[in-house]
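Next up: the structures, one after another.
You will see chain A twice below: alongside chain B first, and alongside chain C after that.
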Partner chain A sequence: MGGYLVTLATLISIQAIAACGLNVIVGYAGQISLGHAAFFGIGAYAAALLGTQAGFSFWTALPLAVALTAGVGLLLGAPSLRVREDFLAITTIGINFIVEAVFNNVEFFGGALGIGNIPRIRAFGGPVGGAGMLALCLGFLGLVVAACAGLVRCWAGLACFALREEETAAAGIGISPVRFKLLAFVIGSAMAGLGGALYAHYMRFIGAGDFAFPLSVSMLTMVVVGGIGTLWGPVLGAALIGLLPEVFRPLIDYRMLFYTTLLLLMIRFQPGGLLGDEGLARRLLRKAIPGGRR
Partner chain B sequence: MLLEVEDLTVAYGDIRALSGVSLALAPGELVSVLGANGAGKTSLLMGILGLVPVRGGRIRFRGADIGRLPPWRRARAGMRLVPERARVFPRLTVAENLKAGRWGLGRNGRAEERVRHLLDLFPVLRGRASQPAATLSGGEQQQLAIARALVSDPALLLVDEVSMGLMPKLADEVFEVLARLNRQEGLSILLVEQNAAASLAISQRAYVLETGACVFAGSASRLREDPRLKAAYLGA
Partner chain C sequence: MSEPLLRLSGLTRRFGGLTALEAVDFAIGPGEILGLIGPNGAGKTVCFHLISGVLKPTAGEIHLEGRRIDGLPPHRIARLGIGRTFQIVKPFARLSALENVIASQGIERYGSLARIWSSWTNARERERARRRLAEAGLAEVAPRPAGVLPLGHLRRLEIARALAAARKLLLLDESFSGLRHEEIVPLETLVRRIRAAGVSVLLIEHNMRVAMGLCDRLVVLDHGRKIAEGPAAEVRRNPAVIEAYLGRRHAADAA
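On to the complex of A and B.
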């Protein structure tokens, strides 16, 4: 594989990790979030600062960055998830803009200059190179997908699904809406934080603009295109959204327009996403593997 | 008393749906709440669970004041709702719907036993374990909603118009199951119904609501005999 492809695949797997987190919030718990990039950014900045200021290695910084992102998710989610759904969209957009502004304006976060010289990840006594980094990101993506698969099968996942489908009925049989929406939000934030930490150490230079609102829109597009609430949908979505602008170079300048149009088209024609029950990819899979489920 | 509701008032903004309704239910009782469309029956059940805006009144359950608890905690205290129009979780399978209902029962083996028992009571659900609930017929969904509410072995079942959209024979069967649960297992049931004849036949007592207020409270047999109420609610 050429270096360019490795780079592309690495970035796609990092985005897929964050998209899986967004899928837990939007797909599993049914809570719209348009500010996921903020949590991706918090993970990235935490890892970057721990790596540059505190001199922590990636492996020490990673759990801290993930925990910190989850903690911020808890703090911001607790009040946000109590509002009505349409307000939640606005609230999460607000969170994205505020977090970006803080990164951009507070000296501690490097201000407009961002943070540079983030150390490479080291493993087995040496720095992790291009192919190694791809393997590492794919490994983490595998862990994240496995965690999602586990969540779907466990009680908490079932509670999230029940809330997504019929909140009143769920509360009427003893499921706490706030608790499980918040749990989904925290898990989703933690995954975004993981993706962000990998991103920071991979790019080795980050700025507030990397985590602006358009990234939130493109992450939501990944989830919707791939198949909202499905296990592999966000991964497929991240791959498609990551590849398309590369294939159609001229699109790069119209990214936002492209994502938004794609989002609207998907909602109109393939609301379940490509891997959704009635999705194109799912139907093709069914044809290829008769009798297969999920 | 298992459940004591005093002066319950429910309002949606300026619209008052329930004005000062009081009601009590002893352990092991099956009590009907009758009333025309819009009388406030659903508001009463949802108010007891805290799922609609309660503006006044007290709710005691098993001797404890539950009026300030969030809905899910009230449910965990031992009451379960069978909502109007079933409200099963459509994209979850029948098995998952039932599993979601065992919330509060803990992880012991009793849940499997309960589910088996419930499948005996509602045989249409048998063999449907992996079918999405949305693909069940309306009547089957109603039965799934009852089963889902019963998995956790609650003390009180709050049932909202379970006969809605069921053919008469099936409605009779569902009422028969509720009556049996009440008689044999001592399950207390608060049954909101439009089908007055069928629900009074299995109830010990009844309340009648009219535009948000209680206009009758007494034994089911007395209500069946009362000519005025008979004319209004039994269509005689």
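On to the complex of A and C.
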């Protein structure tokens, strides 16, 4: 596999990790978020600062960066999740812009220059190179998907589903809407933080612009296209959204137009996503594997 | 009646200048089926929303076994043992009927951050939920998504789902409305069985035959005020009730 493909696959798996986190918030708990890139950025900046300023290794910085992102998710989610639907969408967009502005303007975060010289990840006594990094990211992606699969099967996940379907009825069977929305938000933020930390150490240079609002839109596109609320949807979506611009190189200037059109077409013709109940991919899979559900 | 299970005292709810409920008092005893009746807009559903915590009272108090519960959020009230159905059914549409009921069985766990990480997909929870569905006559639709079920099934699913919460009291908001006669009879049997298991039932009902046949006592609301209370046969003869409500409606029903 050529270096170019390895790079592409690595970036896709990193984005898939963050998209899985967004799927927990939007797909499982039904809470729209248009600010997921902010949490991806918080994980990245935390890992970058811990690596460059504090001299922490990736392995020490990672749990801290994830915990920090989850903590900020808790802090920002607590007031935001009290509003619903379109108001929540606007609030999360606001979070994205504020976080980006903080990164861009506060000296501590490197300001407009961003943070450079982020150390490579080291493992087994040496730096982790291209293929090794891909393996590492795929490994973490595997863990995240496994965590999502586990969440779906535990009471916390079922409570989130109930909340997504009917908030008043969920409260009627003892589910605290605020608490479980917040739980989903924190778990989703932690996953975004994990992706962000990997991103920082992979890119070795980050700037505020990497985590701007368009990335949030593209992450939401991944989730919607792949199959909102499904286990593998965000991974499929991240792969498609990551690959398509490479396949159609000239489209890169029109990326936002492309995403928006794709999003609208999906909502119109495949509202459940490709892996959703009536999705194209699900139908093809059903044909290929008769009797198979997942 | 000794110590009531649920007591409403001076319960008042205003929406701006509109008084939906005005100083209403009544109580439900243990193992009682109490009917809440009255013309449209009398304040019956508002009363349910106040008991289940969806709305907060403007004035007055609600006590469950002597403990004040008004002002608590709905999920806390549910955990105290009050289950309810909704007049406009609210199924978890993309979950199966079985999963709808299993979700309700987590009520003991949802309050504790430590207890929500175990699996719900085990045989024990499925079996419990299957029994509840069978009791409600829904055994055959267990695997179907709730969103595709017809109204008659959904009304029963709402009851099956409310049962896990309703350890002490079940609130039925027009569970019989829109049902055919052959659907009503088994549902009446179900409600009687629930009471026989020691759960009190408070129900809102427009179908007078059902209300009279099922309830031990009736409370009649009109324009937000309680105008009568007592055994069904007595309430039926009460002149104020006949004037406000039964006079028109019941005569039409009987015809």
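Quick notes on this structure:
Throughout what follows, the second predicted complex is superposed on the first by the 294 of 294 C-alpha atoms of A that agree within 3 Å, B and C clash if a C-alpha of one lies under 4 Å from a C-alpha of the other, contacts with A are read in each partner's own complex, and residues count from 1 in each chain.
As a convention for this text, a contact is a pair of C-beta atoms (placed from the backbone, for glycine too) under 8 Å apart; a residue touches a chain by one contact, two chains touch by 3 or more.
Please read these numbers as outputs of a predicted model, since none were measured by experiment.
After alignment on the shared chain A, the placement of chain B and chain C results in a clash. When the shared chain is aligned, chain B and chain C each come close enough to touch A:E165.
Shared-chain residue A:T261: touches no atom of chain B or chain C.
When the two complexes are overlaid on their common chain A, residue A:Q53 makes contact with neither chain B nor chain C. In the overlay built on the shared chain, the residue A:N105 is in contact with neither chain B nor chain C. Residues 158-159, 161-162, 165-166, 168-177 of chain A are contacted both by chain B in one complex and by chain C in the other.
Of all the residues in chain C, the ones that touch chain A in their complex are 52-54, 73-76, 78-79, 83-84, 86, 90-95, 99, 102-104, 106-111, 115-121, 161-162, 164-165. The part of chain A that touches chain B in the complex is made up of residues 158-159, 161-162, 165-166, 168-178.
By the touch criterion stated above, chain B contacts chain A in their complex at residues 46, 49, 51, 70-73, 75-76, 80-81, 83, 87-92, 96, 99-101, 103-104, 145, 148-149, 152, 158. Listing the residues of chain A that touch chain C in their complex gives 153-156, 158-159, 161-162, 165-166, 168-177, 180.
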